[in-house]
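Which chain is which? They are A, B, C and D, in the order written, and residues in each are numbered from 1.
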């Protein structure tokens, strides 16, 4: 086994049809190779009869060899991902609001983000100054005189010039077509406000205010094309009352949004999230 | 002023069009009569230009005389309620689930409910045993062979035999027609589960499970006829995760439901809730 | 293997020194016997190098045989518990406040408590009426003219007349000596108020009020003799503000207390809690 | 009344011994001058018999004249502050951790902080780069070869070169002497972690981890000299579990800390906080 193929630590993510003996079979593969299990979590979705397992292994091993060994003992439908823990690459997309972008930039500047920010892409210029403060490329792709598909094509062309793992919509306020979304399956993470009850249409904070809600929240989720709202990664709420004008609700909501997005991003960057159907399993 | 008309403590609730000098005018009425203000809260809804005030006064006074004095200084559209703090009377309506009913019964038995429970009315018999333990009349009004309106008429006829301030729907799982609701304006309080996002239709907990929500909640609200959901009084949530089967979600949801209903009930029984339009102002 | 020794479902709880291959070894025992793993969770406390595993198995098996097989593959310090899921037996101890006792009684009466309540023991008579409503034995053991040890001896003598798995202190407001506590290791569960910051001494709600805390909480924990406060099972909080008088804080606190105790009790009754040192691992 | 003395909007903050007719007397002053009341809140601390009132007035008025008029109708112990709503000036003090400083900088850069940041003072150099990104003066005052009082004198001398309303300790990890604190009464705001139970001494997150707490929180408070911890302005918590290593707890705690500090700062900058004794009244 040539030296350059040897890994020392990896996250093994398995999902497949549930079957008897899966934990035994998988742990045998690791045991037979003398590997340490630093962390191990499993879950069976009984409704769907689906098995999920995330194991952090350490030792000296070849990722290819482990993958092959696992394939031999797991059901044929198994998805096996073996990922070495290293900093991911992300592209941020934003529009005008700075709270989510700023929060991610501060974490990045403080080495607390487990990713490098390759670029910030925006349909407006408002966030250029803030992005510039951190020396990160800010790319403005205006929408003037462009159809949705023309604009998206320009965004895709720009994205094509980068290597990245995830696109983070940090308050990107333009709807993405399914054509766009389909290019980046399970790679786009979005944050949006959430209310009890939900509101559809323009200025949901104004609607929530008119409705007198006592709680406002935020949901971070994967973006999918066939659904209004993809698999949920993280949610949180805060209390409000009748004294909150809609702008106060919006202000309060922003604090929840940025924390929920950061939490979701950390889970995704640590390869802790499985998606199945329209839901997530998070270890 | 005959002795039997003298009150010593009252909650004064005013709502009217906002105007300059309202706090001055109202406080002058109390000041001129040498009354103590034990508690005073105001709020102006600037969107609707509406003024709300709740003052707890003490001293020796005639409620009628105070009301007349206030009417003279307030705008003609003013609603003035002067309420002596005494135990209210409530009717509970429930179906099969015991968590909300049980919670209210325990509070009642411990003298912590600021109300007397006149009766429990149910479309099923499941909760009879629990109600009997507390010596409270349990009235079963079955729905067999009855149309909705026939059943509701029977319920109304039963309600007519009681004096009560509020009807509390403690998991009453049958939809009430607007004819019914209109008989008891701002007198019916309901509790229901809430999710981010919301789910409509049968077994919302199953839907929430399928959707993989990370938060489930409960909303207590007034029941109104012209809206799916009336003015919100209280809301709260708890976190769940992929390990929760839908029955676990339901179980967790029940704990939130009973606490949120109890909180709303306490606010209502203490005359702390104003309703305007489809929202509440709560002091 | 005689029919009456065959189990069909069990919770297997293992804790031991961490070592390579534990998951493999344990899962092999189940795999070799053709058993289903309905649920499996592990955790390694790296600070203490300690391994925890909780597996729910189903199939046809002998508990003794499984235990022996596990002992052979696990480190010699391993604690192995194999528990068939059946209703536990609990004794409640309370003093004057009804909120925790009442909440547990309602759950019991609704078949939502995974335990039978054998008796309620109290140093006061206040809760007799409430307990009687549920037909559960209420045993009053007064403290008059008794030293602490004499009183505790009487309690122990009473406890001796029952079979039980856990003692639940549902607001039992008398300090238990270590002699008492040592008789029931990891069998006593307590609920108490918690504040940020903490308050020691008489009427902590008054102290919290004077201090102007904005959050009050509750902690459910095992009672141990050598520590002020044993391993924490569950905690939660609610927000308060300057308008809360200390009795309002107490009232709000009660709602948290009863929910936190119920949550802790459910975890304990489902054999989901490991204790190690002064902390818990909860699956 | 000369034009330059005329104010158009102000926050009037009154606190004094409670007495009959205070609301009437104060509202009469505003009414007689034809002023609008945009917002009005009062509170009586019955324990201390103390009255608090915060009124936002608008119209054309002289602050001095209003103050004089209020002094004539209020008890002699009354504190009356009339503050025109304008951006305050703050000095940030920090040490090495960037989360609170970064959060405030982003809000400032986005015009969401109701204050201007005059300077960042630090006993270390770690946060210079981050501060520089925002073009705000970073002043390093090292502690080498300096006694506590010598160091504090240098800090005071530096502070003397600025005009400011508040000093915000954004994770300033050096204890301030009472001599220092006494120079800036009710002007210093601090954020610190909070736990249930509380931990004293080095690395509280490690202690909280060892203790197995299920909740960690943060408290923002005024710094006072005679108490370990001054009047609490804001508190919040998040849930953690046994899977959190102490660094994970710290990371989770940071998100709470920055939000709680920002919330407290917003309340203070909007003149919404009264301090009395060791507690706050917040409107």
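In this section, a contact is a pair of C-beta atoms (placed from the backbone, for glycine too) under 8 Å apart; a residue touches a chain by one contact, two chains touch by 3 or more.
Bear in mind the structure is a predicted one, so any value in this text is a computation, not a measurement.
A.B. asks: Along touching chains only, what is the step distance from chain A to chain C?
C.D. replies: Tracing touching chains, the least step count from chain A to chain C comes to 1.
A.B. asks: Comparing centres built from CA atoms, which chain ends up most distant from chain A?
C.D. replies: B
A.B. asks: Distance between chain A and chain B based on Cα centroids, please, to the nearest Å.
C.D. replies: Spacing between the chain centres: roughly 41 Å.
A.B. asks: Please work out the Cα centroid separation of chain B and chain D, and write it as a whole number of Å.
C.D. replies: Centre-to-centre distance between chain B and chain D: 37 Å.
A.B. asks: Can you pull out the residues of chain C that are in contact with at least two other chains?
C.D. replies: Within chain C, the residues that touch at least two other chains are 239.
A.B. asks: Can you list the residues on chain A that touch chain B in the complex?
C.D. replies: Of all residues in chain A, those touching chain B are 43, 45-47, 194-198, 209-215, 217, 219, 229, 231-237, 239, 241-243, 245, 277-282.
A.B. asks: Can you tell me which positions in chain A touch chain D when the two form their complex?
C.D. replies: Residue positions touching the partner: 98-99, 102-103, 105-106, 109-110, 112, 129-130, 133-134, 251, 255, 259, 262-263.
A.B. asks: Which stretch or stretches of chain B touch chain D in the complex?
C.D. replies: It comes out as residues 20-21, 23-24, 27-28, 30-31, 34, 36-42, 44, 239.
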